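Please go over the structures that come below.
One chain, chain A, appears in both complexes that follow, with chain B as partner in the first and chain C in the second.
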Partner chain A sequence: MTKASNLSARKRNERIAAYVFVIPAVVLLVAFLVVPMIYTVYYSVFQYQIMRPDDITFIGLKNYVKLFGDSDFWQALKNTVYFTVIVVPCQCALALALALLVSKKFRGVAIFRTMYFSPQLTSMVVISILWTVLYNSNPNTGLINSLLTNLGFDSINFLSNEKTAMNSIIFMSAWQGAGYQMMIFLAGLQGIPGEQYEAASVDGATKFQQFLYVTIPGLQSTIKYVIMITMIQAMKLFTQPYVMTQGGPKNSTKTLVYYIYTQGFQNGNFGYACAVAAVFFVIVVTMSLAMKRVTSATD
Partner chain B sequence: MKKLIALVLALAMALSLVACGSSSSTTTTSDTTTDSSAAAATDSDEVIYLTIWSPTDEAAVEEWWVEKLAEWNEANPNIQVSREAIDRSDSYAYDNKIATAVTSNDLPDIFYVDGPQVSYYAANGVTVPLDDYFTAEDLEDFVDSAVTQNTYDGQLYAIGATESSVAFFYNKDYLTECGVDVDDLDSRTIDNPITWSEFLEIAEKCTTDSYVGTHIIMDHGEGLPYALEPLYVSEGVDYISDDGTTAEGYVNSAEAVTTTAWLANIIANGYANIDPIDDEFLNGACATMLGGSWDIATLEESADFEWGVTYYPVSDDTGTAVSPCGDWAAAISKNCENVDAAGEFLQWLMNTENVATYAAAIAKPATRSSAYDEEAMADYAEGARALIVEQLENTASPRPRSPSYANFSSDYAEAMTNIFSDAASTGTVDEDYIQSELDRVSANFTENYETYYAE
Partner chain C sequence: MTRKPQSKKASAFLSKFLFYAGNIVIGVIFVSPLLWMISASLKPEADIFANMSSIMTFVPTNATLSNYLEVFSRMNLLVVFKNTLLYIGLILIFDLIVNSICGYALAKFDFKGKGLILNLVIALMVLPMEAIMLPLYIEMSQLGWVNTLQALVVPFIAKCFSIYMFRQFFYDIPNDLLEAAAIDGCSPIRTFFNVVVPISKTVYATVFILDFVSHWNDFMWPFLVMTGENKRTIQLAVQSFFGTQPVHYGAIMAALVISAIPMIIMFIFMQKYYVEGIASSGIKG
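Let's turn to the complex of A and B:
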């Protein structure tokens, strides 16, 4: 057997091995992602009361027509975009700041890393309940309002006023989520060679200039990744409004995923919920592609 | 060699996935073996296995279930019953579990359902009628409100052991400090309950920096329409028409707007918290509350102040006494393959002794009149519990029986949250806004009813 044919046989075997390795992941993806997605689109053209799975009626695109005239849908979309636009930069900036802080070597740094990461280890439901108590409008029971009134300010209806409810959720979400992104940034920071900082220092760069011209370029791919995953997570906001505000007051915290849930399960309009979910999928994919294009353009 | 190892590992992974997928069939086989051995052991016909779903509850209730099912299973080797406790969480989590089970055709044989949801499940064919197992004579022993709530389209679809009610609770120590005549409250009768204006006057007098005057259930779920409905009925108009087909002219009527505005006024003036903490009354943070019959046991056990309870307040305009009622009840699902066995089990589950002991364990009033003669229900002879039973027998008003009630419940809760939020933010009551929110509730009800249930 020649050397060339040995090489080709090896390549073929490697290819087969690669396919075999990929099969389990593909099977899971198809079963839990592709099939549900196909079903979602399929049911979106039916009138389907959730209690009557055996009695569904084909109605064409009526659910989609209804959706575009549904003010609650547009409000939910607006809230989702608002949450994403605010929380993504805030959370990423906070995460980067924390990562820079804990990337220094000093006594007890591990304790700070653990503290900042710990909200990630707690269930979002538990955290939402905890913050609901912290945000309570009564100064006798809500810790934050107790602090405000003791400092001479008026108490604030954080979660029961439409002007403050979403911002309160944003603040709490950024606090909870920043720890995870911090760890990713920390890994990115450790990948920047120390020599680059030394060279910049020799050239007379200040700490801020080092951050701008060494750290940021060195973290470019990490920043893109963090922004992308934070954006996708933010678009899927559900737990916080479900536990803390039930989408209210006045729909101010109703997000698209929460709207899909209420339409599908509380109101029983399963076909309509599927139509909203299909449109939501298109929106998330479009935004992700747009974000990818924007970040690629900066390369 | 490395390639071989890689291939073997990959195959092992793939096989492990297949094994995961087939684990349920292995379990089924093992279950079948158990079934066969159980059948052989009893030397009789096939053994029927029934499963019940009901909400997770306090330890006393969980123990009751274990004890009672053991008793049944021992006496009935051919019908073996097991229970799965489902976390109720808050608002509509349990109902979502049922909805998911309906879509996957995975309902248990028997499941517990909250009173006003009975019509929803019945109209959609999720539950089956129980008339063959509970005759009119049997039902005579049950309070009217429980039978009415569980009846849809002339047929009984669920049967419950317990009822509930809401009454006006007050902190005697604190009210005395505020100059409220507590003896007067103590002396009220069902024919002479406090009025809305008296309720408001007490709330106003007792609101200070460290206390709010009263407490309204703010669960953003079924608790709101449940606890507040008597106010609307007392003012003259219920949420939905008697035949359950329309909310137009009912929930958005002039009377409903007046009632809602009265409630919003309580929030606007700061007499009640818009987001109260749990057990606000027990924790001494509010002076009075429209509290449930289930609060009595907690207060008896833990309150460190003197408290009293009197009848649900009535409208000044009509003076009509009305009180909430309804509780969870057992229904047989469409997926039950042995309806007769399930019916037989329910007959036993709802006998007088079981109803009495269950009601005692869960600290709620019983649905059967005869249960009050049992020793377990001795506490209901006098005091706060007797008042609750008196309300149930005389002024209880079941919630609307409509297949669209599930929709109505969440829409109404959302509208009230919005209205209260508006009142709390502005410190005023905007009747136009109230009207627009209630109109929205009515329109959503009409759309749902017309889409799925109108003939």
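Let's turn to the complex of A and C:
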């Protein structure tokens, strides 16, 4: 046997091994991600009631036309965008502030890190139930209103007023999620060489100037990544409004995913819900592509 | 002359004091909701809302386990935990096998279609599950999988993010090591299992804990496909307990605490990998 044929036999073995290794994952991804994705688009051009699966009619783009005139859809889109636009900067800024507080080694640093991370140790369902109780509008039973009235403020109907319900969910979500992003920022901060701070401090830069001209540029790619994952997460908002407000009051916390759920599973308008889902998908993908663009353009 | 260093010392002390004070205040604000939850879970029902305006609301003075006993008697915890740990355990076993071999092939083998598959994996990473849940549900019902374990497990074995993490890790393994194994007569598949897997414990631990946490949080999908009461996962059980009469807040808080225990145990044992996993996702992303 020559060396060359030995090598080609090895190449062939490797190719066979490669297919054995990738096929299970690829089959599963196609069956449970790609196929359903195609079907989302496919069903979206049909009139399809879940109760009457034998009566499916092709209606072209009528679902999408209906979507344009559907005020509930616009309301859901508006709520989702509002949540995202407010929660992303708040949560990311909070996470960065927390990371700066615990980035240096000092006595007890592990305890503080764990404290800031602790809301992550339960689930969103648990957090939502807990805060529904904490947000209770009666100061005698709601912890937060009890605190507010003790400090001399009026109590607030956090979840039962359409003006405050979404903001209450935003506040809670930022509290719950910030610890996670803090961990990512901590890793990013460790990547900034200490000499840069020393050099800046020799040049007479104040702490705040160091933050602006050393920390922020050093964290640039981390910041972009954190913003992107927080944004995608925010667009998918469902659990909090489902558990806390059922989309109310007056639809003020009904989100796009919530609307897909109501239309598809509660009202049984499967085709129409798929049209909403397709639009939702396009928005999320466009957003992530735009973020990637921004990221690669500046790096 | 002597005043200056002293005031410098004083200001250093002051800034250190402010630093600790800031951390303590913010830390207390952060944990107070969870402290209240634990405290309320240990109080008799009548005590929970008795002194909301005093700090004593955080202290269970007449501590009792009766709320926990109530949860045990009203919620079938054994079944609920079995359901939850079984489906997550199954996902994770298959997840670690299927995604790691795929990641390895994409990192180290040459074959036709490799670029295409890698691009597919990266592209599908942004696909939100919520956008496909309607047809996925139809698929489940056509397969007869609604209300079965398969519906919770099979669609979630292959994960683009896990494949990507494995690929990045395996990519950095030196080729010399694989060459050496090949010269020793190891087939590519045996090389992977005998040489690569034993030195890759970190990446397996990281993927394990990240995926455990994400499935521990599963709510919407189990809620759609598992409608039978004895099929409920812990999140579903807790959510429905919240809305079930009689509403005893102590028992609700106890249920929340109980449901967090597995996650806290996981965190204690896997903390290093969990934190590293979160951090590395940021650096590589």
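Quick notes on this structure:
Simple rule for what comes next: the second predicted complex is superposed on the first by the 261 of 299 C-alpha atoms of A that agree within 3 Å, B and C clash if a C-alpha of one lies under 4 Å from a C-alpha of the other, contacts with A are read in each partner's own complex, and residues count from 1 in each chain.
We take it that a residue touches a chain if its C-beta (ideal position, glycine included) is under 8 Å from a C-beta of that chain, and two chains touch if they have at least 3 such contacts.
Keep in mind that this is a model prediction, so the values were computed, not measured.
By the touch criterion stated above, A:116 is placed in contact with chain C alone, chain B being left untouched.
In the superposition on chain A, contact of A:78 is made with neither chain B nor chain C. Of the two partner chains placed by the overlay, only chain C lies in contact with A:39; chain B stays clear of it.
In the superposition on chain A, contact of A:157 is made with chain B only, not with chain C. Partner contacting the larger number of chain A residues, of chain B and chain C: C. By the touch criterion defined above, A:133 reaches both chain B and chain C. Look at A:265: by the touch rule set out above, it reaches both chain B and chain C. Of the two partner chains placed by superposition, chain B and chain C are both touched by A:14. Using the contact criterion defined above for the overlaid structures, shared-chain residue A:250 touches chain B, although it does not reach chain C.
When the two structures are aligned on the shared chain, A:62 is found in touch with neither chain B nor chain C. Shared contact residues on chain A (touching chain B in one structure, chain C in the other): 10, 13-14, 17, 20-21, 24, 28, 132-133, 140-141, 265, 270.
Those residues of chain C whose C-beta lies close enough to touch chain A in the complex are 19-20, 22-23, 26-27, 30-31, 33-34, 36-37, 49, 52-53, 57, 98-99, 101-102, 104-106, 109-112, 114, 117, 120-121, 124, 126-128, 130-139, 154-158, 160, 163, 182, 187-189, 192, 216-217, 219-220, 224, 235, 238-239, 242, 249, 252-253, 256, 259-260, 263-264, 267, 275, 278-283, 285. On the side of chain B, the complex with chain A involves touching residues 3, 6-7, 10-11, 13-14, 17, 91-92, 95-96, 99-100, 102-103, 105, 120-121, 124-126, 210, 212, 220-221, 273-277, 285, 406-407, 410, 413-414, 417-418, 420-422, 424-425, 448, 451-452. Residues 10-11, 13-15, 17-22, 24-26, 28-29, 31-37, 39-40, 42-43, 98, 101-102, 106, 108, 111-112, 115-116, 118-119, 121-126, 129-134, 139-143, 146, 149-150, 175, 179-180, 183-188, 191, 222, 225-226, 228-229, 232, 235-236, 238-239, 242-243, 257, 260-261, 264-265, 270, 273-274, 277-278, 280-281, 284-285, 288 of chain A are the ones that touch chain C when the two sit in their complex.
For chain A in complex with chain B, the residues that touch the partner chain are 10, 13-14, 16-17, 20-21, 23-24, 27-28, 47, 49-53, 132-133, 136-138, 140-141, 157, 159-163, 246-251, 262, 265-268, 270.
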